[in-house]
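Structures are listed in the sections that come next.
Here come two complexes built around chain A, the first alongside chain B, the second alongside chain C.
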Partner chain A sequence: MKATINWLADPAISFTLIILVFFLVFPITDRLEKISKRLKIDLLWTNTGGLIALGVLVLFFVWGLTDENFRLIVTKPDNVPIVGLIFLVGFFTWLSMKQARENDNRMGQGGQPLEASDKSKVLVWPDLIYIEFICLILATVLLFAWSIFVKAPLEEPANPTLSPNPSKAPWYFLGLQEMLVYYDPWLAGIVLPTLIMVGLVAIPYMDTGDRGTGFYSYSGRKRAISTFMFGFLVLWTFLIIVGTFLRGPNWNFFGPFEVWDANKRVVLNNVNLSEYVYVFLLETGLPRGWLIREIWGILLVVGYFAVLPGLLAKTVFRNLYERWGTVRYSTFIVLLLMGMALPIKMYMRWLFNLKYIVSIPEFFLNI
Partner chain B sequence: MSDDTQPTPISRRGFINWLTAAWVAFIAIVAGLLTGTVRFLFPNVLFEPPQSFRAGPPEDYTVGEVSTRFKNEFGVWIVRSTTEIYVLSTVCTHLGCTPNWLGGEQKFKCPCHGSGFRISGVNFEGPAPRPLERFKVTLADDGQLLIDKTKKFQFEKGEWSNPESFLAV
Partner chain C sequence: MADTETTTGTPADGGNGAGNGKKATRERTPFAESAFWRSIFRSGVPRTRAARMMGVLNSVFLHLHPVRLPKHAVKVKYTWCMGGLSFFLFLVLTITGILLMFYYRPTVEAAYGDIIDLGSQVPLGIMREIHRWGAHLMVITVWLHMFRVFMTGSYKPPREFNWMIGVILLVLTMFLSFSGYLLPWDQLAIWAVTVGANMARAAPLLGHEGPGAALLSIGDVNFIHAGADAKFALLGGRFLGGATLLRFYVLHCIGVPFIVMIFMIVHFWRIRKDGGISGPT
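Now for the complex of A and B:
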């Protein structure tokens, strides 16, 4: 069992599974939604379904804590908030999806959304203020208890010649640190995060239709919600969890029940695209000039951003392109392709040990 | 009655004089604060190890081994191969963490993003885009290695063939 979970936790496998499950839970097209309905996945968004999911998650953690390695990682003071994050993100996703499903069902039967009735309305004074006040007190008590019972993860004074092994960023940056494994600092640290965040903010609002707006609804805005949730849950939250629990010494991957062995041998001979082309395929050796050396990678990147949008507009996104027009479609597709560049590069690294598509260390341009 | 409550009139010249004085004082204070803030960016005392140091005679170093003797003090590894001694910088070329030498696997491995470098300093795994930098190493008059960190040699610029970047032994 533990060996199976360790094997499943391997990023290539867990990431693939997460993506497959994600699109069944948050179907992006009508067809996927039908499959999801047939598999009864929307039962997750009921009280019973939510409780069962919570029970499974709690059981997993309780069972996991009996294992020494799992306990060591999960109860580390740095990592305790991430355990909380798993439960909190899960709960709030469930809460909003539950209301969305309820509304979708009511609308499907020709009714009004829940928000249209007075049932969900609360008086600001005294009801809402009281609720907020009690939340405030509970949160304060929680923080006090936390600061008393969990020791602050302080370490020895900083030493520039000694990096702790593994060196981890604060938890909210671990998604970025994971991205830095696959991309050059200026791309993974600045360009991609900025554009992914702009994309997550902008893409849900690009559909200006008024279907499913003003109240919780999934069916009315499934493309917007699914795209956003993919960025937030898979590319952000999941990578934080991976960075926190699955990255060990030397930034190697470790399963949740694996010993953090600093001498674990992992063979990662990463190869640039230029080396694949010239050394393995053409067997001529790398050419001297960087332009000739990197021309294939440059063509690939240019093709990704210049040719692919046009192809997609003619095929998958034909309806979208006709409804939105060139400007809105172009903005959307560039932001989407920027976001997708991350998982694509991750798979290229896992499957082909590809280091950089374009690698010009002569002037710090690596893609 | 209304005459009593009238404020004393202020002349146009007087008003402008006061205004000028007020502005000068304001700008002086702001400039002073800014100067103080900018001064704050520069440390009073800077503890920096000398950029150039002696590292003992070549015989101190075993063939095929990475010496971590000067890693903490000067941030260098001294490596002796069968034909030469070279000095590697301990700064990872990806984001500047300090890698560890793993003798069992014969590689430098960075704990931050998993970059790996061979004993020669050439990058071969993880995201590091270029090899570790080498420093100038010569033989001093007293037979010790003299390492000068102000002069570095980068592989991707073809500088490792420079005779100052290694010491033939």
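Now for the complex of A and C:
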């Protein structure tokens, strides 16, 4: 059992499984939504479904805690927030989707969303103040209990000559640190985070119109919600979980029930695209000049960002392009392609051991 | 101002001070009608609808809220209270942070020892815990708040700009937490910040090991090198040291909170100006 879970947890496998399940749980097209309905996945968004999911998760943690390795990593003081995060994100995903599905059903029968059903107003004092007060008390109690039971960590005094293995950033940046496995720091640490911010800011300017404001709903906004959830749950939260719980010494992968063995050997035979082309395919050996050496990778990258958007505008995204016009469409597609560049590179690594698509160490430019 | 209450049906009893308490009916607390109490809370005990409205309007704190709200908007299942909790945690962090500043000195020699003393010498030695776990919690509540705003489609017009302010608050919240991470000056702290600093070193154009840094040069003179790049600016030196600690301390205790506060003011103002909490049209 533990061996199976260790094996399943490997990013290549868990990530694939998650993607497959994700688009059934958060269907992005009408077709997928029909399949999802037929599989009765919506049962997840009922009280019973939610309780069962919670039960399974709790059981997994309780059972896992009986294992020494699992306990060691999960109960590390600075990792406690992420265990909380898993439950909180799960709970609030459920809460929003439950309300969304209820409203979808109401509107499907010609009704109004629940939020619109009672147009009356209430006084802030006492109705809102009272709720806020309870929230504050609960948060305070939680914070005090947490602070009494879990000591803030303090390790050995700083020693710049002795680097711990692994060295980890604070947990909320571990998604970015996990990206370092696939992209160099200038992309994983600077360009991608910048684009995440730009992408978030751009959301209201791409998904315009005020239809669907002010109530929970899925069917009417499935493309927007599914895309956002993919970023939030899969590319951000999941990578944080991997980076926190499953990365040990030398940033090697370790299953949740595996010993963090600093001597674990992982064969690193990653190969650049240029080597694939010149060494394996043409068998000529790498050319000396960087331009000729990297031209295939450069063409690939340029093609991805310059040609692919045009192709997509003519095919898959034809309607979208016509509705949105060039500027809005271009913003959207560049952000989408950037977002997709991460999973694409992940799979290229797992399937072909691909290291860099473009590698010009002369200019510190590796992609 | 005080005259408005006469319309509420609870005429203020002129000389009904604490001394005349015997005459007052049971349900009316004489003290709450006294001139002293009234000098603080002008609208008196908020028993009637109008007094409650005036109470919210007259209080500088409560008047962040509107006086009345649509029913769905006060429900916890709609807002999850997450924006409010984020703000509350910010206040908790400010107060505990000020207390921590009494004991903590941001120098390489003193910092680590001061952190130990915080737990062992200072009365109520969980101040550091409340501050640290509160900070983690705030990062989570801010994420969840963004998630809620997305799920209710509340970023759509007219709230696009407030969503943008929100994204800035999100980034600032994480940076605030990150800059505090260095202050205990233990192994965890300096190596976590080193991971971050090494990313700055690789920033395109601005990091000395980033692509394009060589472009910023005139002839043989490079503008971006190990002594002048993004990493140097972050660390206050080529390597992580006392200058870094001071820099992070100032940013953490004054610089970033100040900026966060300004953006929060704008955020709250805009919620009201954008028509209050979103709702179905």
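Here is the rule we use: the second predicted complex is superposed on the first by the 352 of 367 C-alpha atoms of A that agree within 3 Å, B and C clash if a C-alpha of one lies under 4 Å from a C-alpha of the other, contacts with A are read in each partner's own complex, and residues count from 1 in each chain.
Heads up, the rule we're going with is that a contact is a pair of C-beta atoms (placed from the backbone, for glycine too) under 8 Å apart; a residue touches a chain by one contact, two chains touch by 3 or more.
What you are looking at is a predicted structure, and each value in this text was computed from that prediction instead of being measured.
Look at A:108: by the touch rule set out above, it reaches neither chain B nor chain C. Of the two partner chains, chain B is the only one touched by A:251; chain C is not. Of the two partner chains, neither chain B nor chain C is touched by A:285. In the superposition on chain A, A:173 makes contact with chain C only, not with chain B. Applying the stated contact rule after C-alpha superposition, one finds that A:361 touches chain B and leaves chain C untouched. With both structures placed on the common chain, the touch criterion links A:181 to chain B but leaves chain C unconnected. Of the two partner chains placed by the overlay, only chain C lies in contact with A:100; chain B stays clear of it. The interface of chain A with chain B overlaps its interface with chain C at residues 159-160, 162-164, 167, 177, 184-185, 364. Residue ranges of chain C in contact with chain A, taken from their complex: 46, 49, 52-53, 55-56, 62, 65-72, 74, 76-78, 80-81, 84-85, 88-89, 92, 108, 112, 115-116, 119, 126, 128-130, 132-134, 136-137, 139-140, 144, 146-148, 150-160, 163-164, 167, 170-171, 174, 177-178, 181, 184-192, 194-196, 198-204, 207, 209-214, 239-241, 278-281. Considering their complex, residues 78, 81, 84-85, 88-89, 92, 95-96, 99-100, 112-116, 118-129, 131-132, 135-136, 139-140, 142-144, 146-148, 150-160, 162-164, 167-173, 176-177, 184-186, 188-191, 197, 200-201, 203-205, 207-217, 221, 225, 228, 232, 363-365 of chain A touch chain C.
Considering their complex, residues 159-167, 177, 180-185, 249-252, 263, 265, 268-270, 355-356, 359, 361-362, 364, 366 of chain A touch chain B. Across the complex, chain A is touched by residues 71-73, 75, 90, 94-95, 97-100, 102, 104-105, 109-114, 116, 124-127, 129-130, 156-157 of chain B.
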